[in-house]
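Single-structure report; data block below.
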Amino acid sequence: FAEKMPKKVGYVVNYATHEWYQNVIKGMKDRAAQLGFEVEVKDANLDAAKQIAAAEDFMSQGVDVLIITPVNEDAVVPLLRRAKQENMPIVLEGNPVKGMTTLVAICDYDTGYHAGVEAGKYAKEHLGGKAKVMNVGLPLLSATVLRSNGFMDGIKTEVPDAVMVHDLDGGGNPDRSFEVSAAALAQNGDVNVIYGINDSSSLGGLQAWKAAGKSQDDLLVVGTGGEGLAFINAIEKEPSYKIEAAMFPEKVGFTAIDAAVKLYNKEEVPSWIVSPTTPMLGDGWKKYYSVDGNVRTINWDAVNAVKAPDKCMKTAADLKK
Amino acid sequence: MPQSPSLSASGSASPGLARILFRRSEIGLVVALLAVILFFALASDTFLTVRNLTNVLGQASLAMIAGVGVAIVFISGEVDVSVGSLVAAVAIPLITVMNATESLALGIAAALALGLCVGIVNGFLAAYLGINSLITTLGTLFILRGGVYLYTGQKAIPDDVMLESFFQLGNGRLFEVVPYPALIAFALLLVFAYVMRHRTFGRKVYAVGGNPEVARLAGYDVKRVKFTCFIISSLLATVSGILLASRLGSAVHVAGLGFEFQVVAAVVLGGVSLSGGVGSLFGAALGVLILSFLSNGLGMLDLATEWQLVITGFIIIAAVGFDEWKRRQP
Amino acid sequence: MTTDTLPARKRGVSLSALTDNSQIVLIGLLAVLCIGISLAAPQFYSPDNAIAILRQCALVLIVAVGMTMLLVAGEVDLSVGASLAFTGCVAMDVTNRTHSVVLGALAALAFSGAVGLFNGLVVTRLKINSLIATIATMMILQGGVYLYTREAVQNHHLLDAFTAIGAGYVGPVPIPVIIAAVIFAVGYVTLRFTLFGRYLYAVGANLRAARLSGLRAERLKLLAFVITGLLVGVAGLILASLMNAGQPTAGRGFELTVIAAVILGGTSLAGGRGTLFGTLLGVLVLKIVDNGIIILRWNQDLQMVVPGLVIILATWLDIVRRRNDAR
Amino acid sequence: MHAETLTRNEAIPLDVPALAMRGIGKRFPGVVALDGVDLTLMPGKVHALMGENGAGKSTLIKILAGVYGKDSGTIAIGGVETELKTPRDALKKGIKVVFQEIALISEFTVAENIFLEEYPRRADGSIAWKTIRAEAKALFDRIGFAVDPAARTGDLPVSQQQMVEIARALAHEAKIVVMDEPTSSLTPKEVELLFVVIRRLTALGIAVVYVSHKLDEVFEISDTVTVLRDGRHISTKPIGEHTHDSLIHDMIGRRIENLFPRSRTGSAGKVALSVEGLSTDTKLKDVSFEARAGEVLGFFGLMGAGRTELAKAIVGYDPIRTGRITIDGTALKPHDTRTAVSLGIGLLTEDRKLEGLMLELPVQQNMSLAALSSFAKAGFVDEGSERSAVQSFVDRFRVKTPSLFQPIKNLSGGNQQKVLLARWLMRGLKVIVVDEPTRGIDVGAKSEIFALIDRLAGEGLAVIMMTSEMPELLGLSDRIAVMAEGRLTATFSREEATQERILNAAIA
């Protein structure tokens, strides 16, 4: 049975200059090209008001389906209401929103959790069964808070007395992460695991560790995202960088487009489509990606084979409790 | 020769709307705005539609309302950059009170009360204690943003009662065409433009900004005038904050990040001098519109964000540079 | 009664003698901060922490030296944060391509110097207010850096010398701190004792008078912009070395930190007034506040609130002090 | 209501002092500006306030205007003791002041400035712009002042701005009108106009305080003279009891033998400055002249004749369209003050505050600005020799300042002018252009500046002096050039020059 294809899909991205979203967009465009239509992107650039404006513009331009990664989940509620009034189908990417129909998302908590389990195993094996964690976090976003929580819960399954020594706000960017980590390590350097909610954060933490003149011998660094080349470089060159929680942004984009097409055809779509994530250990990334110079290519077969859970262990809704 | 913001040389015509609108210094801005609109009308077939134009008016209204207040503070010879955090902060009492009382009016009153307090603090520090206003408001910008994060624990506060009236405020349209925020912005602009030109308070603001010593010698209470300007600015930013909260349906801790840059850039683009005493509210409003249409149009062209940033940067330099050049011509 | 008033008056005299030093407020504030924080958290005085603070100060101070000169000359540069990130990417990229730290460093300086030159030309030739001109440059650079590279430029050259710039030590002292100290010393002497420094004050105090006296006011301002640009280059290089990558997302809000420190140090926004010693104190106060909040394990959101309060408070105390001096 | 402001106010009794200030004291950091000063004003009389620069005249007036608080003393208005804490208090009590520094909003129109203190309003409370324009026009007509009420104030030449200030003091009802050096930039014709206005004010029973450094004016207009010196009250006498010499003696404590000394004997030397066919886009048309080493070349012109523009063009400050300027045979690069200064030409500007002073900076920095490079070795300033050079100029010119570190904004106008003149002399020039060098300067300082100009010329400097003061023009110049509407209309030698011939050429 042949699906009708939309003519144009509009994507309002949270922050297009970030590599994660660059790869999401890449996944979308690739998939749309396969299916034979166009994706247009507008960038909210982390501005909640601009996001609404961009969506408004798309609606007046007459796109067929909207895909939105909210700058903030609560801040798009009225937008969903307006879209409903105008019969504009919307696919959300990221986190659930009151009044949404369809969400494509990774499970942030689960991502952190599984990386935590692997980190716990590593700690048992190489770090004498101790885990003293410095969390280079980002309290600003519920997604990143979930990752940190998941990581701690996961690591405790293996190392029950794992503790979070530092809970930092690294702003999600490398220089701020470096700065706060340096101060935290000076205050208490008794840490053997650095967890970063994204690669900038984990790398900022690792650089602070190195700048403090500490050896990487008894250290484990865990990064999250795996969207660019940074983590590959780190895994290759830094002895302590062992675990990367891969979130496959291209796959997210791919899935979002499929959902958009289904919505456009008024098919039955689950309200929550989970996009897979998995921890990659050491060289494990080579299974999913190949690198040639500065170009990273995704190995679709391997990524498509990663199984996604039907349901997330915890979501942003659990945080509010 | 720059045209003065006060009586223009044409002798007898009554100071009506037309004369206010067609002051010479603003013609350049009107032309620039028309050029922007014309360019995008030709470049994109979806730009010049009623729907899109009214969209932009609605989107511009937030910066316009706050911009009127910031322009008034600029004209008084001071600076207010705290508006970026204020628009986020006022949403907290607004939403919290609405959630508790289910009353839009009480929510708005609470928001205005917070705005008033911030205005009083800014005004007191800058006007009465004499602390440089850029420092003062940079300080309150940080303090308010940090306060919002602390209070909310860096989470948005959702609107639980979902009043239709609140939704309509920022999202509704008069006759399904003109967005309410645009109407509110236009009304406020007219009111304050009238005040700045036809009430003694407005003239005092120009005088105080033009030359505070002279204003003092003329018997003005310079501090009180400046103090009042800060309050006006905060209250107008509060109105922007309320409309923004309605559009976002919640009190969002990250709302308005960088809003102050946007507003300041637009107001200066509109010919309001940072050194005080010069400029008009219509100019400031035109500055806002130019930047809004530019942003909308560049978005229509399907340009990457980075190009939009680069182009906007160059256009600001070109526009202000041209304005300065024109001003220097005999 | 009478026995009470006598020593009280004496104290008043000695205090007012002290307040002749215009930086007294900041020195006092600094002392209060250090004592307060170390009482609550003894780790504050650990060598590790001292080094961490100094290294953070170094980055800000280097750029603040240039910013002080600009403010003294009556201008300001808001593009330093965006330029910092861009420069770091350029430094790493060129080092990767050429395998030469020297060429990488030169490229960084050339790039940031060119940004300074651009700012300077826009301000002095097009006569655009520097606040708005450099906001525009900031936008251009933010966009430009993503056009240049979307992702962090990784260290592929693995040259030790490059890493040493940010993370190396001479004895117990981190190299960035040494670089900052040298730049500060040179900047201090320049602003205080050289013709160029004295001319900057004149240009900031009264542009027309300076021009009528034969000073090349535009050239001087241009030079201050270029110096600021070059110093951003130095800072960008250090940052790239510290991060072991050129990070396009770095430097957000850096311009506000730098300007806040300079203003906190008593440099007037109106031009013609300010000292680098004050700037040094301003940087120390801000960075110690930042560090203290982490050391004390306070909520990090206070890292916005407290500096805001400190800047307002310090400026107000300075006004009070000057008013008392005037009596 | 405003139309009637110029009729006699019957409520003013003529025998009670309009104002009695007793034992007024005021100190600034390091300066006692006023020390127990008395001032009594009678209704309908003009009371002159005289004294050297820095004597405390403006300070006394500012206390009266509520600008400064006094440290001691009492003020009674119409026999009732009052406190004047803010300018508003003073305005309410009917005290109108024309300040020494022009106090107008330059962005506003003339008419709006006139009514700045209180705007006429319509019934709904909005500003009655029409009334404002009409009344300003009526007021100007009444006092014979021809300026467009709709003009932007900042566009007017200084002299017209000063007239606007004066007119403003008359727009509202006043009991006391104070004028602090109102004629410092007025032409003789405008001064006459002003005197007519003052006489009309006194006829209405208004008390007038008149501050001026111009003795002739004081003798012509005032009834009583109070002299201050170093913040102290020296004398109060009816004008009839004074002679020029006695007044000067009261003011400066010594006699001045010759206001226009002339030590030069030899003839002028070679051409130091030559200007050929100079035109600008704005005003100047084909101006050519030469100035020789060792001569004082005076320039006269009516207000707006273009002297200031000429001065700014020849020192490279303003761009020119055509023309050639050479100094000692070397052509000057137009619109470049740096080469101009290095070739040895400098300008003492008309507008001290805007183009001369660095208000917040100390005396030392202000004085050494142009000469700073001569104190520098390898780019470093030798502050020791800088300070001693500055100190020697401070001593020689008798600059009244508590220290070299005093911000220059705290000095009196005359002392500021001396510092600015010293700025150039320290540098060492071949040609100096002085634009209204004695504006706002007391007789003592004036005679010192004249002696200085004379000596400089004697030492071989070419001095170009733009002035509106006929006596100093005639007294000092070796040759006199006259300008009208941007053109040079005549040049007279010292022998040929008479006031009449000069004025005729200026009107041409």
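The first chain written gets the first letter, and so on, giving A, B, C and D; residue counts start at 1 in each chain.
Just so we're on the same page, a contact is a pair of C-beta atoms (placed from the backbone, for glycine too) under 8 Å apart; a residue touches a chain by one contact, two chains touch by 3 or more.
Chains and their UniProt names: B = Autoinducer 2 import system permease protein LsrD; C = Ribose transport system permease protein; D = ABC-type sugar transport system ATPase subunit.
Fair warning: this is a prediction, and the values are worked out from it, not measured in the lab.
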Checklist entry - Does C-D or B-C have the larger number of C-beta pairs in contact? => result B-C
Checklist entry - So which chain is the furthest away from subunit D, centre to centre on CA atoms? => result A
Checklist outcome for this item: Taking each chain's centre as the mean of its CA atoms, subunit B sits from subunit D at a distance in Å of 43
Checklist entry - What is the distance, in whole Å, between the centres of subunit B and subunit C, each centre taken as the mean of its C-alpha atoms? => result 31
Item to check | Centroid distance [mean C-alpha coordinates] between subunit C and subunit A, Å | outcome: 35
Checklist entry - Which residue numbers or ranges of subunit D touch two or more of the other chains? => result none
Checklist entry - In subunit B, which residues are in touch with two or more of the other chains? => result 149, 154, 304-306, 308
Checklist outcome for this item: For subunit A, residue numbers touching 2 or more other chains are 17, 139
Checklist entry - If you go through all the chains, which pairs of them touch? => result A-B, A-C, B-C, B-D, C-D
Checklist entry - Hey, which residues of subunit C end up touching subunit B in the complex? => result 122, 126-129, 131-133, 135-140, 142-147, 256, 260, 263, 269, 299, 301-309, 311-312, 315-316, 319
Item to check | Touching residues (chain side subunit A, partner subunit C) in the complex | outcome: 17-19, 22, 139, 168-169, 171, 173-176, 178-180, 182-189, 200, 203-204, 207, 210-213, 228-230, 233, 237
Item to check | Interfacial residue positions of subunit D with respect to subunit C in the complex | outcome: 29, 315, 317, 337-338, 340-342, 346-347, 349, 354-361, 365, 369-370, 372-373, 376, 379-381, 383, 423
Item to check | Contacting residues of subunit A [partner subunit B, same complex] | outcome: 16-17, 40-43, 45-50, 52-54, 56-57, 60-62, 71-79, 81-82, 98, 139-142, 319-320
Item to check | subunit D partner contacts - residues on subunit C that touch it in the complex | outcome: 193-196, 198-199, 201-202, 205-206, 208-216, 268, 272-273, 325-327
